[in-house]
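In what comes next, chain A is part of two complexes: it sits with chain B in the first one and with chain C in the second one.
And then the complex of A and B:
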């Protein structure tokens, strides 16, 4: 059962990833990207990590994909993209992808993934939270500062000066 | 001679009626009864009073409650019943239909109109049925330059997403479609799908008004999703659980609105914005952009989107009740089931009926919980409907500044209140609970 679900998810994820790259229509491409991200959420469900899976759905499918759709809809495609159909580029890209995948796979296989016991109970997300605020707290603080900095930067960038102030909401 | 049908003939009318009766009987005999028999033979039948319930006695079930009650009870324990009927789609759709009628009538009374009046003998009570029949029988018009697959799929996806949202809401102890450990996170994930469907539907219509409405809906939903999620974190901190049933059960002595009124207010305002209700109905502003992102939808597609909208309204009201108003908790007002009915049955003079072993169909706790949940949900729905008769629509820049600055700030205030209550020992381990 789990194997069949894994295979179906793999087909959906990889298939929609290829579709996201290859489709000429940008809207359908971004829908296919949503399929890819949703398939990854499905993998997390299979791995007994519903916390990560639901955040994957809420953040990536729910927000990132919306931003991509939003950008694609408001942009005239002809102005930024020139169609460059080149067989050699295509094959070079596929070759590069294969090289990267093989090297990443070698790294994974070398990392001791074969010796993992698979029948352990699923980790509790409460334990992960406790670990975050005790052992890994410097990393948490660093991430928090980084996010706060990026949000502040985005706000500074978004604050346009050319809008007349009496038209703004008080 | 009738004006509506000038070629009307009574004999032909009767002939057509008899034709219909003939075909119905023929189809029932040739297909219906064999199909029912086949289904009955596949189902595993229970043993009642020491004898197997055979499909040959199907008609006697209806007359004998001691035979039909166990079948009904077994059916009510199945997942199909939960998804289709009680805590799921049917129950929510019933409440949604009631909401539509009450909204129209109440709004009319607020604005000194009469509202629906002629359909049905009493106060236009059948107006909803009339509207539904009208929508079903109307032609579905697809714009010529629309993107057809997305345009067809969007209303169905909208209803499906709303139904998935409904599935997370616990109505009574143990009565919930999807009792998952991460219920609240699931709700956040489902809410995230609404802007996608809205913007895709709006874009695929390839028309100006829907696109403007869709962009507005996207702005509004994305900017109000963040205070919505933040305002609920206080409840999660105090409960220590993301399971909605556990959150509802944790409020047996007091509802969380007593301690977290700020979070409840922020959640209520974001709820209005997510539901596109007045004062935040910019995506459907009918006086500016026809009907917003619904403009090109016609017939039953529009009906499906409306159904989804009201299912979403019920689900949000239910979520508010579960998180802040104590869910199904309330004083026991439902009387216990009479024991004589189980042991002796009914005796009326010479006639004795029963005893009925299958009763009671629902436990006392379940009926009481459902009663309190429905009462609270209806009250919350009333407060969601009320601003429509009172407030004007707000400007889009006011909406965005409200969402991004004021509500997020208030949500953080709420989180700090919850943290203070936890660390002061008022609530949580060592405190009141």
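And then the complex of A and C:
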């Protein structure tokens, strides 16, 4: 059965995921999203995957959450606090969420994964490094190209074309 | 280790449900991006948990790939939000009837 650290992490992760979607202010919402991402990093530590956990902290909590915060700050003030949703849709969404949780949870609880336990040591980062440079090296190169392409694409998309004479340039 | 594989999968299912709720209900572009992030993290948690319990290093490798690709996706998604906000002065997706420039 689960221990206290696991339960605390689960409460933090799921609670802040709900808060990220339901808090009125988008700024507090993105800070709650940071809590979810940090909680997932805690789960990675529990699963003996410190390398993935630190990667998660560096990439998600460190850069993605800050990027989201800056984007929220670019949006108009009243839009940050405005909640746009209708009631019927909300109840339908809650029903959909409960159906998914109950059905998938029942499938998992009924399946054979309850009996999977292991005493073997966890795969360490040496194995991951060997994976990256042997079997997955084409995927690694493609991922590098994809990251470069996406950052360039993001810059091109966000470039302003309507400004004729930028005051800052002169 | 006292937690079992099924505990991690149940947390992951809960996060998936919350993410799908957010995608279905919210009409704010930024909140939908939050929901997508939550779903991606649920998937990563599953991959690392199965990789720990099988045990196989492929789970962690795939999780690292997934985190890097999610970073790329967020960069493009946020710049799309900025472009759409500049065009419509709004972040409501019901207003984004056409995205052509």
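By definition in this document, the second predicted complex is superposed on the first by the 121 of 170 C-alpha atoms of A that agree within 3 Å, B and C clash if a C-alpha of one lies under 4 Å from a C-alpha of the other, contacts with A are read in each partner's own complex, and residues count from 1 in each chain.
Just so we're on the same page, a residue touches a chain if its C-beta (ideal position, glycine included) is under 8 Å from a C-beta of that chain, and two chains touch if they have at least 3 such contacts.
Treat the numbers as computed from the prediction; the structure is a model and nothing was measured.
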Exercise. Go through the superposed model and pick first if A:73 touches only chain B, second if only chain C, both, or neither.
Key: first
Exercise. With the two complexes superposed on chain A, say which partner A:43 touches: chain B (first), chain C (second), both, or neither.
Key: second
Practice problem: Using the touch definition from the top, say if A:34 reaches chain B (first), chain C (second), both or neither. | Solution: first
Exercise. Would you check which partner chain A:51 touches, where first means chain B only, second means chain C only, and both and neither mean what they say?
Key: both
Quiz item: What's your read, chain B or chain C touching more residues of chain A?
Solution: C
Practice problem: Identify the partner contact of A:62: answer first if only chain B is touched, second if only chain C is, both if each is, neither if none is. | Solution: first
Exercise. May I ask you to decide whether A:113 touches chain B, chain C, both, or neither, giving the answer as first, second, both or neither?
Key: second
Quiz prompt | Common interface residues of chain A - those touching chain B in one complex and chain C in the other | solution = 51, 55, 63, 74
Quiz item: Can you name the residues of chain A that touch chain C in the complex?
Solution: 1-3, 6, 10, 13-14, 17-18, 20-21, 26, 29-30, 33, 36-37, 40, 43-44, 46-49, 51-52, 55-56, 59-60, 63-64, 67-68, 71-72, 74-76, 79, 83-85, 89-90, 92-94, 96-98, 100-101, 104-105, 108-109, 113-114, 116-118, 120-123, 127-128, 130-132, 136, 139, 143, 146-147, 150-151, 153-155, 157-158, 160
Self-check item: Residues of chain C defined as touching chain A within the complex
Solution: 1-11, 13-22, 24-28, 30-31, 33-35, 37-38, 41, 44-45, 48-49, 51-61, 63-65, 67-76, 78-83, 85-86, 89-92, 94
Self-check item: chain B-touching residues of chain A, taken from the complex the two chains share
Solution: 27, 31, 34, 50-51, 54-55, 57-58, 61-63, 65-66, 69-70, 73-74, 167-169
Quiz item: Of all residues in chain B, which touch chain A in the complex?
Solution: 147, 150, 180-182, 185-186, 188-189, 191-193, 195-196, 199-200, 203, 211, 215, 218, 222, 225, 395, 397-398, 400-402
